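There are two complexes below, and they share chain A, which is joined by chain B in the first and by chain C in the second.
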Partner chain A sequence: MSQAPLAPACAALLRRDLTLAWRRRGDIAMPVLYALIVVTLFPFALGPEDALLQRIAGGVVLVTVLLAMLLALDAMFRSDIEDGSLEQLVLAPQPLALMLGMKILAHWLTTALPLIVIAPLLAGMLHLPAAVMPVMLLALLLATPLLSLLGAILVALTAGTRRSGMLLALMLLPLCVPVVIFAAGAVAAAQQGLPWLAPIAWLGAALALALVLAPLACAAALRIALDA
Partner chain B sequence: MANWIPLWLHKLGSPPIFYRFAGTLRPWALALALLLGAAALYGGLVLAPADYQQGDAYRIIFIHVPSAWMSLFVYGVMAVASFIALVWRIKLAEVVAMESAPIGAAFTFITLVTGSLWGKPMWGTWWTWDARLTSELVLLFLYLGVIGLYHSFEDRRQGARAAAFLAIIGIINVPIVHFSVNWWNTLHQGSTVRILGPSKMSGDMLWPLLTMMAATKFYYIASLFGRVRTDLLAMESGKDWVRQIAEEEAKS
Partner chain C sequence: MTAPSAQSPLLLEARALSFYRQDEPVFGPLDFRLHEGEVVLVEGDNGSGKTTLLRVLAGLLHIDEGELLWRGGRWLRDAYLGDTLFLGHHLGLKADLSARENLAIAGGLYGTRDGVNANQVLADVGLPGYEDEPVRRLSAGQKKRAALARLLLLPATLWLLDEPYANLDRTGIELVNRLLEQHATRGGAALVTSHGAVSFLSGEPRRIRMHA
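Up next is the complex of A and B:
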């Protein structure tokens, strides 16, 4: 059997996942729509005062994006498990961690990126000052891949089980506490005119660590979950 | 020279031997736990003097603090057993890890409830987003995640391995959560209340606390051994040694 080189294999997998996502464009729109609905509900619940909304805007947008990502996380490997292509991936000669990294990248591109694109609109609806917007986008750009990577490990662990959306939320909560704290901390600091680089740097460090370790952990988790 | 220790440990890993070993030890551990617990409660609730500032309300620490210690200790045991289970695939380690989780979750829950009961008269609130309280709450979620994942698999051993992996991720996560929550709380400069530090504690308050700590340890051993024995019987129900035990039970 001739072994396909690594780079074309990665590109092929990425192209396949993106094509599949593009064929079902409606699914990409769902998390965005969900985030829009959640943010719309906050002023109704809390009252339309500008000052209050301005104060909570950063945190609300971050938590909303997190919840929207959690909604889509469940589907990361589902269709691949159903049609058996995930098992083929496990058997493939290419390193599983790298292949899963590509799948996580495709998932991030199709779920988190649209959310980041719409985040300024969400923040604007809650009157977040324009000056804070770049910091929020930077925090989101670092926090969402981190959540995708951490979430992928947990999704891989639940790969062999029945539908488990609630269980996924329960398992993800302890992992995403630090991410939310630092991302929201950066936005809050920028809003108060304080230096915001430190929490961003922590997020970046965590992302660098997760980029290396999470695909490996994801591969190990998948091997456990599929090992029947 | 002293190769009987590894040999003995190796033998102890076999389900029938551990079943008998745990069966012998369990009543002693339970008796010790009850005796020490009763002594510690008497010492803590009756003999120890009231605190000059908090009056009698501080006495809840004789339950609260040992439970908090146990909540972390049990998680440590669970993570070590999980590591052993994943690396060497020892069946007993899987069972120990999975049966530790509900006990640890119970200790964590007791810690949160007693802390909340103490917080109401002392801080004037049931709950505050203090760093340590938040870490303990996250610990409870970690336990619940492990238990939930274990039970969501059809195959118990597979579920145990997946949950063991989650437990190991969790133990990496605990210091990160603790650090980030500390950082978060100092940034926001919340309430200035602090958990009572037991550093300067008079002897007649300290000995019931330490006795209770020993009692909770023995209770954990007794409870764990009982659960593991039941689990081993269920898991090995097709094996010969289980049939022998069942036949002996049927005779008597």
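Up next is the complex of A and C:
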């Protein structure tokens, strides 16, 4: 009898979630398509005025990417609860928090990463200056995992309730606001030639905290959700 | 098929175990002992708390009253996980993955018994030729068999099987009985729920009777 070692267990879970996402590629494409449509519509609605678009470009791209991520957030644990996989995961002889961390990582890789990849395209469509692009990407690289982690806690908290979408949106709003403020603040500062490191550092600090605490909170919340 | 010999070590013991849902008693107080090499049938009508009992024993639900002992000591989640295997109404299979891929993830999380592999156990449960078929295309009985394959692959001592006979044909029922018999001879133990008055187990298994 061989005990399951930790690293292969993490790898197996990550591989499973990525395989599942790949088999349902249409679901991954949805947030990307959504972001593309929203950003395309802005110049039509506001007029193709370069100066105006340039000023709003950073904020529009950030908000669009974060909103697109929310589309897929609800589904993070849903299918696992419905088919009983979550019970099997909770009962497995592995640290649940770490396993859920792997699930959140898989979720980030399949929803946020494609959005970050197309973010330069979106920003280009709104004439964001090329010099600001790296700052925007950095802000996204920190803000999206932070949102995935915060969102995961809320999804886990509302996992036991049916039609949790509405509740989730309401709970997520106050948590989204600081993320958007710091991310957009960094981009705006870079655009005006001001130092932009401080808001990025705040995002990084919040991310470091969330990386450690969010999986633990998720694990506790899901145990409670199943114990009902 | 179950010879509860007095010599075999005690695995699980419940003392006045009760469970309440919003102050309504679901079952209990319940006393029973489970030794290694024993298969015990949990019987009761619909709603008598069989599934709840199994979920409590699996560690998914908290214990309201009473005591649970595991191998003579206090029941601790960490010592217990991995040595038990719970098979519930939801089979824990991913519909988009094949039976083989589902087994691979279960093996990755729980570890595997020495000397068995996924192909072998899938052949054992009567799914040869369906290893790479997505689980969503399998029939209800075949899905059940794919879930039962986990029992053969994973190294757990205690099996908690909730209605393992549901959806299975005659050969499937024989398969479950054979698995239980093999498990008992290996020194494993199992709690099996069944809502019918009929038990499919050969011989005269010990029973725990649940009342609503």
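Please note the rule applied: the second predicted complex is superposed on the first by the 226 of 228 C-alpha atoms of A that agree within 3 Å, B and C clash if a C-alpha of one lies under 4 Å from a C-alpha of the other, contacts with A are read in each partner's own complex, and residues count from 1 in each chain.
Everything that follows uses one rule, which is that a contact is a pair of C-beta atoms (placed from the backbone, for glycine too) under 8 Å apart; a residue touches a chain by one contact, two chains touch by 3 or more.
Given the structure is predicted, the values throughout are model-derived calculations rather than measurements.
With chain A as the common reference, chain B sits beside chain C without any clash.
Taking the Cα centre of chain A as vertex, the centres of chain B and chain C in the superposed model span 90°, given to the nearest 10. Of the two partner chains, neither chain B nor chain C is touched by A:53. Look at A:8: by the touch rule set out above, it reaches chain C but stays clear of chain B. Once chain A of one complex is fitted onto chain A of the other, the partner contacts of A:84 are limited to chain C, with no touch recorded for chain B. By the touch criterion defined above, A:70 lies against neither chain B nor chain C after alignment on the C-alpha atoms of chain A. Looking at the shared chain after the overlay, A:19 reaches chain C, while chain B stays out of its contact range. When the two structures are aligned on the shared chain, A:227 is found in touch with chain B and with chain C.
When the shared chain is aligned, chain C comes close enough to touch A:92, but chain B does not. When the two complexes are laid on top of each other via chain A, the two nearest Cα atoms from chain B and chain C are 8 angstrom apart. Taken together, the two complexes place residues 227 of chain A in contact with chain B and also with chain C.
Looking at the complex, you find that chain B touches chain A at residues 86, 134, 138-139, 141-142, 144-145, 148-149, 152-153, 155, 158, 161-162, 165-166, 169-170, 173, 176-177, 179-181, 183-184, 187. Chain A meets chain C in the complex at residues 1-4, 8-9, 11-13, 15-16, 19-20, 23-24, 79, 82-85, 87-94, 99, 226-227.
Note for the complex: chain A touches chain B at residues 153-154, 157-158, 160-162, 164, 167, 170-171, 173-175, 177-178, 181-182, 185, 188-189, 217, 220-221, 224-225, 227-228.
The touching residues of chain C, counted against chain A in their complex, run 58-62, 78, 81-86, 88-97, 101, 104-114, 155.
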